[in-house]
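One chain, chain A, links the two complexes that follow: it is found with chain B in the first and with chain C in the second.
The block that comes next holds the complex of A and B.
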């Protein structure tokens, strides 16, 4: 029971952090860059581990942020100096990084606490068994799963960054040219956002794996994009969607005995599909509405 | 159904040697199948690239996953044809969703791609985890399509792979003219009465087929690179579609060859990542050394241009100096720098180079123009001043605005354009600033 709670709490924090960062990716039309970074982060994690030999949180964060920024920068450089379409250059860079990551994982499978499976799924079901101790392994107090604390730290960083930089992020997301004319350093905020994406991805990695992060980044934020009227509203709606997806997904995975993280992502997708369906039906209904209002009036004038 | 079992006890090189002796006829099949796949995927990927939908392959490969799992669940079989059609169907659904979302909702195309990709992939993984938990026969190896594993392919897998790849190549060859027209000028194709929609559908079908058939070799996650990277690499070698396609298919085939070798050297290794790494290497070679737009070529060209411009600027400076101070025979570096803002080191290097070319002569501690230098300098000056006049007359610019533009044009104008300018301006003899325009070759002083 307590294990289920840890899993739910971790999943909920992962989904919340992803959905909030995802809002900015959707608004700035950089969903594909988010996709790319979440793939490349694998290489960052493996390299950081191989070079430092530790799974320390800050080493992992550093590796992931470094490789995330390199991905964003290289894609942009290839686009400008190599004169290739922007999405093509993203595709070339992230497939290479991900391929290198997978090769390293399979070469050093014995040494790294990672395998090809967990790269894809994450292992949220095993989250409760990898606990950390406050004050040393031997005589410290067990304070809960490592993945939970990792994502909690990152969630706090994301939340504080958004709260502090809300105004700037708003201007940069909605009106990049205005932001530029106001003297706001767009490049800085671009890489700032990429840093948040990389941190969120690496913290979610243990729990949901490289590719399902993309679903959590993009799908709840897209649902919110359909409904919201302001940035604040969009952040709240995305957050709400992500939490519902976690609960529904967890229940489904319990029923079907399927992967928890995949089920959560599928639940998020189904929520989006429902939102679109309701919106389209609503639109059709409203198109018919004036005709109905018109008809009785005509009848009364005739009488 | 396992076609071969390369046990780990045999050494890697024995595996490779056995492979190249083709003792196992399947080795030949694997080799030709993967080469055909590399070729067909890069050729079909080229058309997606030209339509600016480079990442469509990525989304479609991910979208195939739930189809594979559903086909397995429904038919309880791993027959390649069943799996193929399952994957084809769900990839196609993915294709239409990517198309439909931006047209009918506020969602932007890039987000639609990411949504479809991640949702279908999640669905596929959910089904896979369900299958692995359920008590079904024959389920092992299903997860190999995530990263691809040539050594785990069965005989019938490879036959299907080879046939479908061949089919794709032949279809592209048959409809090449139409595809090319649509890729470059869709509206013109429409106006010719070609049914663009159905050819686009055919193209989509071919893309989906090549993605689906490549899954077992390259894997879901990295299939995008096989479609995208080869054609992107050929951009640095050529501008023409036919040589680009030929080169792209060569690159695809080469990377397939390399990655199957690696897969046989180390059967536990996934094939897909190696294919992507070899593709990326070929891409980087093209990026740096490509003869059309490669970085090295562009760098050399820029450097040569910069050198020529510096040289021509100094020639002009000498001309103007001698125009202003006709009594002096030679001019020092300081004189040149007084009129032309240039770093001393660059000026020195350029002067040395001009001395070697015989454009200037060194005289009494300074330099003066040689005969050929004088000829070039007056030609440049002539072009400069003609252009100034032209801008004044035709673009109605004021005299103080024309100099900067003429400063650039003087390096670019050709002899032919010079004659036309002269004719257009019906023989004016002074530029807007009152300086005389030097006479061109073959013209006489009046």
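The block that comes next holds the complex of A and C.
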């Protein structure tokens, strides 16, 4: 029972952090870059582990952020100087980095407790068994799963960043040139967001793996994009969608005895499909109604 | 009403020296130099693909320039950011972005705020006044996608106004707007001019250029002419700018003649 709670709490934080970062990826039309970083951070984790010999949270975060930023920068450079299309250059860089990560994992399989299955899919059901101790392994106090604390720290970083820099993030997402004309360093904020994406994906790795983290980055934020009238609203709606997906997905996986993270991703997808369907029906219904209520909304171009 | 006296009469609001720009090794603009007077409305005019928008973006540092120097009130842009307000082309804006009218206008105050500061009461008052100046106050809570094209343009003008700049650079503010908005923009121009502000617009409509603007900068990959309307709006300059499209040119000459007549007529009235 307590394990179920740890799993739910971890999944909930993973989904929350991913959905909030995802809002900015969707608004900036950088969903593919989120996809890319979520895969290439594998190389960052493996390299950080091989170089430091430690699985310490901050070492992992550092490795992931470094590789995440290199991915974003190298994709852009390849696009600009190699004159390769923007989306193609992203696809080239992240698959290359991911492949290098996979090779390193298989080469040093004995030293790294990451296997390829786990990297791709994650296994949130095993999260409760990898616990950490406060005050050392020997005589410290067990404080709960490593994955939970990792994502808690990252979620806090994401939340504080968004709260503090809300206005700037809004401006650079809405209109980069306008932001630049106001003297805002748009390159800094681009890499700042990429840092948040890298940290969020690496902290979500244990739980949902490299593929399903993309679902949580993109789907709740896309649902929110359809409904939101303000950035604040979009963040809240994305958060709500992500939490419903976690609860529904968990319940389904419990019933079907299926993979928890996959069920959460499917639940998020079904919620998006429902949202689109309801919007379409709503539009139809409105079109059939006499247009008296909506006419002034549409055609009020008077001064 | 007498125009506000200039504080630094020796420095023009904007001066461009030997500016050249390229796009993928293809020259877009070559050796463009001009400087503009304070307290006037200036149109940048030229055919499609002449580099008008590029010029504006190059001036604002939004696209890289190969060579040249741009000075704002005699200084670099970084020292005059807040004094320079930029209004992007309407097509470059994501109108589905979840943001309401008031928040867009408040962006005009961001340059005045540090990172985590929220807009103060004063910032909100300034934004409110800007929206009222453009008759958009009643739309303050609308999401921007729920506005007509003209209303959207006015929101962006209100944003620039809220910045309380001295120099306004606008990319085609008259493109695709309704009559009410066109009037609102003209009204705004004359208010800004009365306060000694300078307005530079990329403009494509030769019918109205003589009427709406005091000065013209003719561009076609190079500078063709720059100066007061009465001096530079000539058939020769139009021919140089628009090239060999003669049938069009005849129309233009006729339109030009009419718009001049109208102007004289209006001034006489």
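Operating definition for what follows: the second predicted complex is superposed on the first by the 290 of 303 C-alpha atoms of A that agree within 3 Å, B and C clash if a C-alpha of one lies under 4 Å from a C-alpha of the other, contacts with A are read in each partner's own complex, and residues count from 1 in each chain.
Rule of thumb we're sticking to: a residue touches a chain if its C-beta (ideal position, glycine included) is under 8 Å from a C-beta of that chain, and two chains touch if they have at least 3 such contacts.
Computed from a predicted model, the values in this text were never measured in an experiment.
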Which partner reaches more residues of chain A (counting touched residues only), chain B or chain C: B
Partner chain(s) touched by A:180 [first = chain B, second = chain C, both, neither]: second
Partner chain in contact with A:165 - chain B first, chain C second, else both or neither: second
Contacts of A:234 with chain B and chain C, given as first, second, both or neither: second
Partner chain in contact with A:225 - chain B first, chain C second, else both or neither: both
Partner chain in contact with A:98 - chain B first, chain C second, else both or neither: first
Which of chain B and chain C A:90 touches, first, second, both or neither: first
Which of chain B and chain C A:4 touches, first, second, both or neither: neither
Overlapping contact positions on chain A, where the chain C interface meets the chain B interface: 225
Parts of chain A lying in touch with chain B, wherever the complex brings them together: 26, 29-32, 34-35, 39, 78, 81-85, 87-92, 95-96, 98-100, 102-103, 106, 116-117, 120-121, 211-212, 214-215, 217-219, 222, 225-226, 253, 256-259, 261-263, 265-266, 268-269, 272, 276, 279-280
Complex interface listing, chain A residues touching chain C: 27, 164-165, 167-168, 170-171, 173-175, 177-178, 180-184, 225, 228-231, 233-234, 297, 299-303
Contact footprint of chain A on chain C as seen in their complex: 57, 60-62, 78, 81-82, 84-86, 88, 92-94, 96-100, 103-104, 107, 110-111, 113, 115-116, 118-119, 135, 143, 146, 148-151, 163, 178, 180-181, 183-184
Touching residues on chain B, where the partner in the complex is chain A: 49, 52, 54-55, 58, 62, 101, 104-108, 110-111, 113-115, 117-119, 121-123, 125-130, 133-134, 143, 146-147, 221-222, 224-225, 228-229, 232, 235-236, 268-270, 272-277, 280, 283, 287, 293, 295
